[in-house]
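Read from first to last, the chains carry the letters A, B and C; within each, the first residue is number 1.
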Amino acid sequence: MRAKRVWSALGRSWLVLSTVLVVAVLVLFLVHIARQGWQVMGWEFLTDRPRRGMTQGGIFPAIAGTALVSLLTVVFSLPLGVGAAIYLTEYAPDNRATRWIRLAIRNLSGVPSIVYGLFGVVLFVDLLGLGTSLLSAGLTLGLLTLPWIITASEEALKSVPRAYRDGALALGATRWQAVRTVVLPPALPGILTGAILGLSRAAGETAPILFTGVAFFLPFAPTSLSDQFMALPYHLYILSTQHHSLEKVRPIAYGTALVLVGLVFTLNLTAFAVRSRMRRRLETAR
Amino acid sequence: MDEPVRIDCQNVEVWYGSKQALHGISIRIPSNRVTALIGPSGCGKSTFLRCLNRMNDLVPGARTRGSILLDGEDILSPATDVVDLRRRVGMVFQRWNPFPKSVFDNVAYGPRIHGIRDKARLAEIVEDALRKASLWDEVKDRLRSSALELSGGQQQRLCIARALAVEPEVLLMDEPASALDPISTARLEDLIGELKERYTIVIVTHNMQQAARVSDYTGFFYMGRLVEYDRTQTIFTSPAQEQTEAYITGRFG
Amino acid sequence: MRDSIPVTRRRFRAGERLMEGVLALCGYTSVLVLAGIFVLLLWQGARAFREVPLWEFLTTARWDPTSPEGARYGIGSMVASTFLVTLGAMAFTVPLGIGVAAYLSEFAPARVREVLKPAVEMLAAIPSVVVGFIGIVVVGPAIARLFGLPNGLTALNGAVLLTVMALPTAVSLSEDALRAVPRDHRLASLALGANPWETLVKVTLPAAAPGILAAMMLAMGRAIGETMTVLMATGNAPAFPSGFLSPVRTMTATIAIELGEVPHGTAHYFALFAVGFALFVISFVVNWVADWFIRRGRRAR
């Protein structure tokens, strides 16, 4: 009986300690980055370009590059992903072909990001002749985020009550009319959530853009789809491992990390807010 | 039957996968009358109702056999255009399901998807449909507010108005009052009485008093079969089958 | 007026058909992409074996494509490195992941859970470069001090950091698996006089085991495929790893380091695609196993 109690106490403390440890580590990391990064933060840091071999100035071209490539990513993957989700929830028959699609989506979400990078090099950079460019990188990231967009959109579409579809179809709506008029509108916030999360993922990825379009240093933001671009994650990588005087650029590296984490967290929190607002609205609708 | 027939069903059978849900249903539904389908839950009455506008097509694995003639045309034929069919055969569901749109947009939904764009014409159709559903006086000042703010009974009548706005010939009602309070139910029953002047109505209900009150003909379903079909008065006073009598006198179901 | 429309004449709706076709195409894109990755990587990778013997690639450990005495293309040491770092990460992830998931699903008050679950999911949003950066500035130096090494960029560093990357997947999916266990099971156990801990160990965890295994497999898949973190934090010595305190260079890191520098179309370039293909196959197998566990878990229920 005593042994039983001891085991139980030990076990429960394992659970609590794991949780405390994980949370503490997360908080410590973030606080560390925030405190160190804050020291270089300022208007100039966000709007100026890197100067004096990146030891001074700001990171504006990297911010602009990341913003552009992420937007481009979503421009590619959102229509494709929403289309696929609509097909799967509203049209696809329950057969072998559909199961293949689902299997492919699950597998794609597990493909390492560097493998997407290799695929992008062969397909977009070489075979399609797009070169290392904003476009190639955006397309590569578009494919990477596709499974996430599909999954989020599918969830959003499934949360729309069946009664809406039945109601529309019973009035003589065609399937597409029903989807367009009564299924998509209530699903939009959920789809938006997926898009924002896709944006955040694209902003944080490095490996897929490594060989498809990102550049070590450029003084300006890209002006066309065929330009190379700087990106926040790659800039952080350069500053922390590839620079000739690592110690000198460390404050700027911290600043870059803070901007990147801030960007990604803001996007995630936005998605979270949209999702919980949508849940509340759907509940009152019932 | 000495009345003009609107829907003539011969030997209708429905399977869900390998499970047979309906066995050889043959029934003739008269024009401009209310036909009630009664029976215990799971007896197949709703399944049968959903054959009449081919809503069963939406159930994966569902198959339908037999023939259902609507004004002489076989709607089970593969050549049938279900979109046109559903325009002619409207449906009201058990659980009212207005779209999360305004009152006006709900009623205008059908005409709009069928291509009516003219605003004046739409306003006319909406008012007409709401009047037929005896909802106009209650909602005429709040056409632009959300349909979800109406009471349950109003939402159900809105769904009827929505169905009427596409000018159907037949109106199917799947237990339309089962989730309504008694006052709303009474209003709905009055409405059904008014609507039969213009429409052929088929109503599924598990409330026998309701069937007796609103319908001209009644069909009793049991375990996927149509046990008995006759004038409502006959069914409720001198049913031919023992099972029917047992059910309407409340001995099972 | 509508009554005159005959219903038994199926109309052809071009727009409707077109839309359905477009949507189906979107649906099949995923299959195309997956097949495309497989085919293109296989095609590019296979071209390496015109010059590099496949046997040497698969069975030897030394990777030295620029060696003056003749290029060597053995995948062995980087595979060993990948698995060393991944296994190290899983050694932390499994107990921690199950611990956090069990705490969240069985013991945490609702309000704590509402805050912590999204927090764990936020952990997944941290970009891998940032984790790698933390490895350079915080975890690496700590390891160096702890073990008296000149430099903390080791397999152990990578394992700790990959734990950060793998935990969100592990916790989130394990917690889902635990919560999917019917309440009745737990109540029955508690009614028989078992305390909550015993109920967890003897009833809930075994019932959720397939789901938890799947979660761990998927977390492992993330660790295997992770690039930037290991690239930045494990020292990148292209030798066979001699332990957790040695620097290592994984498959992903090798591709990331070398692909940018080799001329397209050389044996070295294609050999990197062969490595990529191997990585793809490994992640595919890991996912497939996870899928198998998920399906098994569903059938058991």
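Here is the rule we use: contacts are C-beta pairs under 8 Å (C-beta built on N, C-alpha and C of every residue); 3 or more make two chains touch, one makes a residue touch a chain.
In this text the structure is predicted, and so the values were computed from the model without any measurement.
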{"item": "Fewest touching-chain hops separating subunit A from subunit B", "value": "1"}
{"item": "Highest C-beta pair count, chain pair", "value": "A-C"}
{"item": "Per-chain CA centroid nearest to the all-protein CA mean", "value": "A"}
{"item": "Farthest chain relative to subunit C (centres taken as mean CA coordinates)", "value": "B"}
{"item": "Inter-chain centre distance, subunit A versus subunit B - centres from mean C-alpha coordinates, in Å", "value": "48"}
{"item": "Inter-centroid spacing, subunit C versus subunit A (mean Cα positions, whole Å)", "value": "16"}
{"item": "Centroid spacing, where centroids are CA-atom means, of subunit B and subunit C in whole angstrom", "value": "53"}
{"item": "Per-residue multi-chain contacts in subunit C, two or more chains", "value": "13"}
{"item": "Sites on subunit B at which at least two other chains make contact", "value": "83-85, 87, 166"}
{"item": "Multi-chain contact residues (two or more partners), subunit A", "value": "174"}
{"item": "Partner subunit B, residues of subunit C touching it in the complex", "value": "1-3, 5-11, 13"}
{"item": "Of all residues in subunit A, those that touch subunit C in their complex", "value": "4, 7-8, 11-12, 14-19, 21-23, 25-26, 29, 32-33, 79-84, 86-88, 90-92, 98, 100-101, 103-108, 110-119, 121-123, 126, 143, 146-147, 150, 174-176, 200-201, 203-207, 210-211, 233-234, 236-237, 240-241, 250, 253, 257, 260-261, 264-265, 267-268, 272"}
{"item": "Residue numbers on subunit C that touch subunit A, as the complex places them", "value": "13, 15-16, 19-20, 22-31, 33-37, 40-41, 44, 95-96, 98-100, 102-104, 106-108, 116, 118-120, 122-123, 125-130, 132-134, 136-138, 164, 167, 171, 195-198, 200-201, 218, 221-222, 224-228, 231-232, 252, 255-256, 259-260, 264, 272-273, 276, 279-280, 283-284, 286-288, 290-291"}
{"item": "Sites on subunit A touched by subunit B in the complex", "value": "93-94, 161, 163-164, 166-174, 177, 181-182, 185-186, 285"}
{"item": "Residues on subunit B engaged by subunit A in the complex (per definition of touch)", "value": "53, 55, 58, 60, 83-87, 90-91, 93, 95, 97-100, 109-110, 113-114, 148, 159, 162-163, 166"}
